[in-house]
Amino acid sequence: MVFVTRQAHFNAAHRLHNPEKSEEWNASTYGKCNYPNWHGHNYIIKVTVAGNPDPETGYVIDLGKLKQIMKDQILDPCDHRNLNLDVPFLKNIIPTSENLVKVFFDQLKDQVEAVASEGSVLYSVELFETERNIAEYCPFKHTIIK
Amino acid sequence: MVFVTRQAHFNAAHRLHNPEKSEEWNASTYGKCNYPNWHGHNYIIKVTVAGNPDPETGYVIDLGKLKQIMKDQILDPCDHRNLNLDVPFLKNIIPTSENLVKVFFDQLKDQVEAVASEGSVLYSVELFETERNIAEYCPFKHTIIK
Amino acid sequence: MVFVTRQAHFNAAHRLHNPEKSEEWNASTYGKCNYPNWHGHNYIIKVTVAGNPDPETGYVIDLGKLKQIMKDQILDPCDHRNLNLDVPFLKNIIPTSENLVKVFFDQLKDQVEAVASEGSVLYSVELFETERNIAEYCPFKHTIIK
Amino acid sequence: MVFVTRQAHFNAAHRLHNPEKSEEWNASTYGKCNYPNWHGHNYIIKVTVAGNPDPETGYVIDLGKLKQIMKDQILDPCDHRNLNLDVPFLKNIIPTSENLVKVFFDQLKDQVEAVASEGSVLYSVELFETERNIAEYCPFKHTIIK
Amino acid sequence: MVFVTRQAHFNAAHRLHNPEKSEEWNASTYGKCNYPNWHGHNYIIKVTVAGNPDPETGYVIDLGKLKQIMKDQILDPCDHRNLNLDVPFLKNIIPTSENLVKVFFDQLKDQVEAVASEGSVLYSVELFETERNIAEYCPFKHTIIK
Amino acid sequence: MVFVTRQAHFNAAHRLHNPEKSEEWNASTYGKCNYPNWHGHNYIIKVTVAGNPDPETGYVIDLGKLKQIMKDQILDPCDHRNLNLDVPFLKNIIPTSENLVKVFFDQLKDQVEAVASEGSVLYSVELFETERNIAEYCPFKHTIIK
């Protein structure tokens, strides 16, 4: 099994805020991430596809095609945008990194698997909010839940 | 001459917009950096002090003290904030990296030189908006202007 | 399944030495890592929690709380310390990266799982002794042992 | 289960070209990666061994020995070489990252497992063609193939 | 004086070889950098412009314009190419990093200064062949030559 | 004027302590850097030579020769050693980064200039104690001292 990863980046504003909760709940839950006038990040996204290399091309996926899908599906809608206000597929999503990776995975899955080698799957989406804060969605890594 | 540098980071939202100009001028000058709902960055700041090490301590400046001054003067006012709306010393400043490094230098100079070794000076402030876009203010590097 | 990772760092001295073995055995087994007067590293630690985001907060774990637990349990006892001499929970442990990640995992597990979202688990601890030498402890990644 | 990783690098030229296909097929499949006069990369390779630390040494594998095996088996044959023309074990391999990681894994497996702790296995080989394009071969991470 | 830097990258093949010298001289002077079938690098280039921010835009130079000039003048001719064979402006140049930065500076100077703020100059070009091997050309940093 | 830089690294233990001062002075001046049982760092050193490329080789300095001089003069004496106890040329030096860069410069100057191109000089030595704490010694960058 071979895993192929493409990394890209975008710069966006956001704010953590649950509109169904009080101001007090939001301030105490999210701290400075809840400040009203937004803050932002240089997000780095890594998208991994798992499969077997095509025998003719030697590719699990043409990284040029993966780059283009990531641009169309994630970077163009999100780059230099406000993740709470501007992105149609993030409507009603609290933009924590945990929630973003799940939505990004769903945005990418069909288009990625359509151009990858026979039998390959979108394996994971990893998002670096900063180099210290990272989230990953991967439906294939199972753990023993308590 | 010894140069000592301390690096720190903060995450903020901003937007490039000159309020004295038309919407058209702003859109065509700043492109996606002018989008109305803000975007943001993980800023990295590097502050450099130049001088001679104190013979008793071996320090040009105690980096613990420099870290604290950077926190008080730059990080606390800017981190998780909107650089256009929230920071008193950035009022009426278009927050390009070029403008930010000059203002940050002025914010730091007196306090840094008060705790550095005899004769040392604040030498430069460098700001990484991303790893690809960088600005530095340094009054000591002279170049031949055309 | 979502994986959330927090990265931190500490600077420490250590030496590889098995006191139950001869000087010759130690010198030939550990080479320059056995030098008597210690050496040191800028350790980077990455702690990963696996689970499902809490529907109200969107968090698998509040990274501010994870940061505080890592500070209390790992960074405060280890930073600027000698891992062979100064850290109570490393007593009688040869401080190879392999041994450190296992002990760090045990130091973190209960406190991390107490504040993570319902059903989440401490998934792995990864330690970078340098960017070239890395160890990870993860009880959930099974491999076929020969 | 503990995972130990060693990172190294080499600089090489290559070109993607399937000699059994037409010039047109190659140009349209590989784009600029098919340019005739070669291009090159600073490759970074990460090799991971999984096992239990030896109780006497605290090592899953002596990283000095792993470094030497990587040098003998991968770096010496590939560094400053042309991956299409110069490397015996890459003969008839289209040097995509996907194909390289599989071959590198086979080159390393026996020698690595001979010096690792009892029961340890070579777990994965990861290759960074650039920081944006990454491939990994790991026979132990299973995924559900469609 | 403010310094603004833009970073970009390209991947290329090259070989160090002085055609006016013997094979023996080349082999002993350049070692593995002289191997006949080429090797390659992920080059990183940093271009710095020095000047005063334009009072209306706050820019020393619009980094979008600088990015485009770097693409036209350096990246498009060099990316995925052979620096000895394919690049018209490198004809008869031995492609050491020292020689490359001087030529790149000359390729960029007029176009960069035409779009930068009044009085600004192209200050330096820095090239990372690897993160360990770096060259910079800067006509403004004077040193005392022996 | 072309500037050529070579980067290397070493891992060492140290402690900040002025033996001519009291324990109280040392504890209050150096804080945790004064802890008695040492701590350590992965030091990164960057050495820069300034000059004109030799017309026959295209080199300001053969980086292979610079690498060897750095190994002989700095890395072999310092790597996996205690900077306070083990290094002859650091005897009686308080190992702050400021003091280290000055001593390292003196250790390198004659040997570097002997193999660099005609008229070249050792320009600077930069030392990263961590990525956040950096010192540089450069006798050619003059600043206006107050």
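Should a chain be cited, it is by its letter among A, B, C, D, E and F, assigned in written order, with residues numbered from 1 in that chain.
FYI, a residue touches a chain if its C-beta (ideal position, glycine included) is under 8 Å from a C-beta of that chain, and two chains touch if they have at least 3 such contacts.
Model, not experiment: these values are computed from the prediction.
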| item | value |
| --- | --- |
| Shared interface partners, meaning chains that touch subunit A and subunit C | D |
| Mutual neighbours - chains that touch subunit B and subunit E alike | F |
| Chain whose average C-alpha position is farthest from subunit B's own | D |
| Proportion of interface numbers common to subunit B and subunit F (over half same, under half different) | different |
| Relative orientation of copies subunit A and subunit D, as a Cα rotation angle in degrees, nearest 5 | 120 |
| Farthest chain (mean CA position) relative to subunit F | A |
| Gap in Å, rounded to a whole number, between the CA centres of subunit B and subunit A | 30 |
| Averaged-CA centre spacing for the pair subunit E and subunit C, given as whole angstrom | 42 |
| Subunit C and subunit D, separation of their C-alpha mean positions in angstrom | 27 |
| Two or more partner chains touched - positions in subunit E | 141 |
| Interchain contacts, given as pairs of chains that touch | A-B, A-C, A-D, B-E, B-F, C-D, C-F, D-E, E-F |
| Interfacial residue positions of subunit F with respect to subunit B in the complex | 16, 18, 21, 29-31, 93-99, 101-102, 131-139, 141-146 |
| Subunit B - residues contacting subunit A, complex | 9, 11-14, 32-33, 35, 37-42, 79-82, 85-86, 130 |
| Of all residues in subunit C, those that touch subunit A in their complex | 1-8, 46, 50-51, 53, 56-60, 62-64, 113, 119-121, 123, 140-141 |
